[in-house]
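Okay, so subunit A shows up in both of these, paired with subunit B first and subunit C after.
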Partner chain A sequence: MTHRSAISRLFPSLRTPGDLLRTLGPAIVLAVVFALVVSIAPGILKWRAVNALLFDAAPLLILVIGSTLPVLLGCIDLSAAAMASLAAVVAALLMPVLGSAAVPAVILGAGLIGALQGWLIGRLQIPSFVMTLGTLGVFSGLALYLSNASTIGIGPGLGPFDFLGGRTAGMPNAFLTVLAVWVVLALVLRFTRAGRDVYAFGASELAAYMSGVGRDTTRAYAFAISSMCAALGGLMLLSQTLYSAPTMASNLLLPALVGVVVGGTAISGGVGGLSASLIGGLTAVMVRVGTTIAGLPGAAQDVAFGVIILIAVAVTTDRSKIGIVK
Partner chain B sequence: MNAILTLRGVSKHFPGVTALDDVDIDLHAHEVLGLIGQNGSGKSTLMKIIGGLHQPSSGEVRLRGAPVRFGSPLQAARAGIGLVHQEQSLIGNLTVAENLFIDKPTDFARLGFYRRTRMNDAARRQLEKVELAVAPDTPVDELTFAQRQMVELAKVLSLEELVDGHLVVLFDEPTSVLTPSEIQALFRQVRRLKARSSVVFISHRMDEVLSISDRVYVLSDGRNVAERRHGETDPDELYELMVGRQRAGSILPRLNPPAMDAGKRLEVRDLTVPGKVAEVSFSVAPGEIVGLIGVQGSGAEAVCRSIFGVEETYQGRIAVEGREVRLTSPRGAVGLGIGYVPAERKTEGMMKGMSVAANMTVTFGSEYGHGGVLLAPARERREAEKWSQRLKIKTPSLDHRIDQLSGGNQQKAVLSKWLLGRSLKLLVLDHPTRGLDPGARADLFNAIRQLAEDGLSIVFVGDTLDEMVTLSDTILVLRDGRVSRRFDDVQSDRPSEEDIVKAMV
Partner chain C sequence: MQQTRLLSADAGALASPNVGEAGAQRRTAGAGLGRALKSAGPLVALAAMVLVFSMMAPNFLSVANLQAILESAAVPAIIAVGLTFVLVQGSIDLSGEGVASLTNILLAILIANSITPYDLGLGAVLVAIGAGLGFGLLNGMLYAYLRMPSLIVTLGMWLITLGLAALLFPSRQPQILDGRFVGLALDKHLGISALVYLAVAIALVALVVERRTRLGRIGFAIGADEALVRLAGINVGLYKVAAFAICGAMAGVAGIFTAAQIGVGNPLAGEGLLFPGIAACVIGGTLLSGGRGGVLHSLVGVLVLVTLRNGLVQTGTNPLLQKTIEGVVIVVAVAASTWHLRRKTRVVK
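Entry: the complex of A and B
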């Protein structure tokens, strides 16, 4: 009894053991999945394996983080993975002209396009699902067109890519970049007006609007951040392979959204956050890795992935806050 | 007289809150039982237990002598208990007939397909019971609120054909958004109902409860504190029983008259909203309370919404502190120091699922931070605590979810969202007391009066003439979108209700 009250003092919202499970749930799920993977393949605990895993996972994780913002609004950004591919293609094309400046140029450009897309959702009253389904097509097509549907190599020895592909103190820089972006965005969400507007908007778009929250601006910057993270993810992929391919990130679309929901962020908006997404993203990565290591054939991998994701979401969702499930 | 429904020692606990505490209730045959109490006193919880939405934590419910425990509203309905909801439960895009039979086994569906003619005939028979003349194939969305309520009642009454014995019909605050003539029509139906059923009736308006009920129970803090028979009591005694203090003098008199000759806070010239408002002009001085009044559709609400930037297509001129402005969004209005408490609290006023604190700080919390960008959570929290204490918001803590508070406390939190703004100059209140009990209403009025004394300008649309006259310095009567009459100096020269009503219709 005493430890119950100690816990409820620390976390006033936790009244029952069930609440505790749901709050810590995503982390527990990650731990369980990790333990399972380790039991199948103890070798994964070796530093080199962890290192390689984090390096590979970085592009997906950054997409998960970016995709969280539209989902917190109750929207969805389906164009993120296509934006990542497009960013890689454009960066590869701009490298010879702009040199290292291509990197900030691409990220900034992605931000502007994302902001425009977020703003248009409100202005044109097109649901985000449809809007980003459309831009998914536009971005993929542009990537194919600009690259002539072929790969474009970039030479080694280019500052930003050497950095993203390199290591600091034994940690992959790409993963450190993920952590840095995560920290900055988490602080923005927690400690700025704009961040709080995101949650207010997600809880009730109408009530937030009637409280003076700017609808179009809030949507614009959430989608801008989503696109910028996607572009960064594309650049990370580019740094891993040193060539761009017009569809190189397209298989990240669904895993990125899976990471968001497995972390506990409600698809209906207002509930969740970036820490949840980081955990969810890692879970998605571990499930992928686990099914591969376990030697499942490709089709069985997909089935296992789907089933594990459904279980994870079922265990961790706090339905009392969400109310309606559609 | 034998009791149809008895509750003995019924309690209901929610996490952190005891909503009902050892309540005994008897409902007799052919009786209208009134149930009154403040917001949060447990009336709605009691209704929900009887109606099968909640299960009691302890205690016993007996229906026609046999103990019952309903797991769902459907089970309660099968036993002959029907609830006419406070927030209506009809499905808007289905027709009247489809709604009537949605929860019942029917003989006019074959292989899952409706046989429309037979269903509509059956619906017509049900609608006759409540004297409602609408076509059964009308989508519910196209009905007025009062008509939808009658459809709900018909839906409950159509249980008669399924149940052996007579019905128990529960009304949860059915009158709060009805006009006086609609209320009379509802009462006529309730009286007719007595012949075939027992009725439990909840309302905040004590005169209504007294006129319709044979017996009244008063709830306070989840306890059943008094029982009175028809004719044994009066509104003043009921008020005391439920609020715990005397009624008279519950609203403060105006101390300082507003600074009418100072520069105007707000000037509205020839405001026109196509189809709603036509050439309305008025101004608001610092500390002045301007009441707008009119029947539904008179345009008072549209005037409020124009001032807050929601009616983007308005024509005419609006000036704030002498500077002409064009209001196209709430955000723009907030930037000019204008706040708005909407009539639709649940959808526009509060963010459900978020804490009381989050709701209070959403608009102006950043004023307590740094540069309007970075937040200072501790400082804004202190400010929220301060207003929560000043307005006496009843909540276990500010971290509690706002939708778990009673209506009155929700409304206080919505109001204090604006009061956190140090640059707030004008507050627009659209039916701020809708759905509030008399005690919460008096609290809110006193808060509004106090704010005006402190210099805040207020534009307000009220529910009743009485509250308009009590609170306003100036009253504008609207009719068909135009100002039909204006009363100045209301506090020193009170207009008669007759004069106001004459200008309304």
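Entry: the complex of A and C
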């Protein structure tokens, strides 16, 4: 009894054991999946294996982190994976002209397009699902058109790509970049007005609007960050393979959404955050690795993903807070 | 002076919306034509598209091409009809692609084929539809009774069914040998295959269900104001499960149709059905927030999308740009068809 009250004094949102389970649920799911993978293949604990795993997982993790912001608003960004492919194609095309400057140019351009997308959702008053469904088509079509539906190679020796493909103190730089983006965005969400606006918007858009939160600006920020993270993910993929393909990231759309959702960020908005997404993203990565190591066919991976989504969300949904579920 | 005129105009508008200066402007601008345009918007867009394409490509209006448009509309129409029942309730079903792939494989390995010894004939079709219905029911029950968002439940089910389809797939592609079944797509009556007639029949039944049964009417009510429907003592969960069951069964039928069209079992047969299906519904004027739209709207949306694809090919547009143009059309069409719903305080997620 005293034990529980001490916990609830420290964390006011944890009042009942159920709350505790819901809060820790995603971490428990990750731990269980991790334990399963380790029991199948103990070799994965070797530093080299972990290293390779994190290097491989970085593009997915950055997409998961980026996709979290629109979801926190109660929106959804279906275009992130297509944006990643488009960014890789454009970067590979710009490389001969701009050199290393192509990287900031592409990320900035992605941010502008994302901001426009978020702003248009509010101005045209169409659901984000429809807007990003449209831009999913626009981006993937453009990636095909610009690359003429073929792969484009980039030469080695370009600073940003050598960096993303390299290591610092034994850790892959791509993963360190993910961590840096995570820390910066988490601080912004926690300590700046724009960050608090995101949560207010997600909890109740109308109440936030009445209290002076700029809806169009907030949405523009969130979608800009989502697009920039997606572009960064595309560049990471480019640094791994040193060539760009117009559909290279399209199979990341579902795993990225799975990561956000499994982490415990509510699709209705206002609940969750970037740490949750990092946990969810790592779960998605572990499932992918685990099924591959266990020698299961790739199809079993999809089934495992689906079952884990259903279990994780069934456990972590706080049903006392939501009246009507759509 | 200017200020008082504005104020009186506002007061007049407030007291009685159709009286006074402001009201007069509203009368001339609003009324009959506007309302007709609002509901007929997608139809007008379709007509305009047909007009433009027929001027750009002389072959566009040929009988053979119109038949081709109908043939390619059959499967998307089935998917869109099923989705409509879920969308008008304000929910969403993403599992269609997976379910269609699964029923496609199920049918291909249970009907007379080149790999497995089974030959269930009509039984295979029934098993496939039953599987679609079963996954729809499961979706609906997880959503309605475990109270998880439909987007997440059906996202999970999309992956599960897609995986199951691949696991059921034998090492080699099963060729469907049942002549009568493949004939559904191959034998033409008046130049059109039986699949198109079946799709039209299914759409008509769906229309009757939507307009003339409690299931259809209460579906719209749930989308418009679910809390109110609950307060009226109606078992909302039951109607939600029913809508998802219909949607799942329709996805199953779509998988069967694709099996007849391609003549083999393919674990990715459903690929590319989902997003165009949802796009067709919203282009036709079915709102994702629920309560508006319907089967006829969605069918117009399907025709818009299929006609656009066909027209782009006929006019020789770069096929690599096809997705981009479709994306722009989706956004513009939805923005235009919901423009009249704009409010400052409207919440769009």
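In the analysis below, the second predicted complex is superposed on the first by the 324 of 326 C-alpha atoms of A that agree within 3 Å, B and C clash if a C-alpha of one lies under 4 Å from a C-alpha of the other, contacts with A are read in each partner's own complex, and residues count from 1 in each chain.
The working rule: a residue touches a chain if its C-beta (ideal position, glycine included) is under 8 Å from a C-beta of that chain, and two chains touch if they have at least 3 such contacts.
Every value quoted in this text rests on a predicted model; they were computed, and no experiment measured them.
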Which superposed partner A:Pro127 touches (first subunit B, second subunit C, both, neither): second
Subunit A residues touched - subunit C or subunit B, whichever exceeds: C
Partner chain in contact with A:Leu206 - subunit B first, subunit C second, else both or neither: both
Partner chain in contact with A:Thr283 - subunit B first, subunit C second, else both or neither: neither
Touching partner for A:Ser227 - first (subunit B), second (subunit C), both, neither: neither
Which superposed partner A:Gly270 touches (first subunit B, second subunit C, both, neither): first
Which superposed partner A:Ile309 touches (first subunit B, second subunit C, both, neither): second
Contact residues common to both interfaces of subunit A (with subunit B and with subunit C): 206, 209, 322-323
Subunit A residues touching subunit C - in the complex, by the definition given at the top: 73-76, 120-122, 124-131, 133-142, 144-145, 148-149, 205-206, 209, 254, 257-258, 261, 266-269, 297-307, 309-310, 313-314, 317, 319, 322-326
In the complex, subunit B residues that touch subunit A: 15-16, 308, 310, 329-331, 333-335, 340, 342, 347-354, 358, 361-363, 365-366, 369, 372-375, 377, 397, 399, 417
In the complex, subunit C residues that touch subunit A: 90-92, 142-143, 146-153, 155-167, 169, 226-227, 267, 275, 278-279, 282, 288-290, 318, 320-328, 330-331, 334-335, 338, 341-342, 345-349
Subunit A to subunit B touching residues, read off their complex: 12-13, 15-16, 191-194, 196-197, 199-200, 203-204, 206-214, 270-271, 321-323
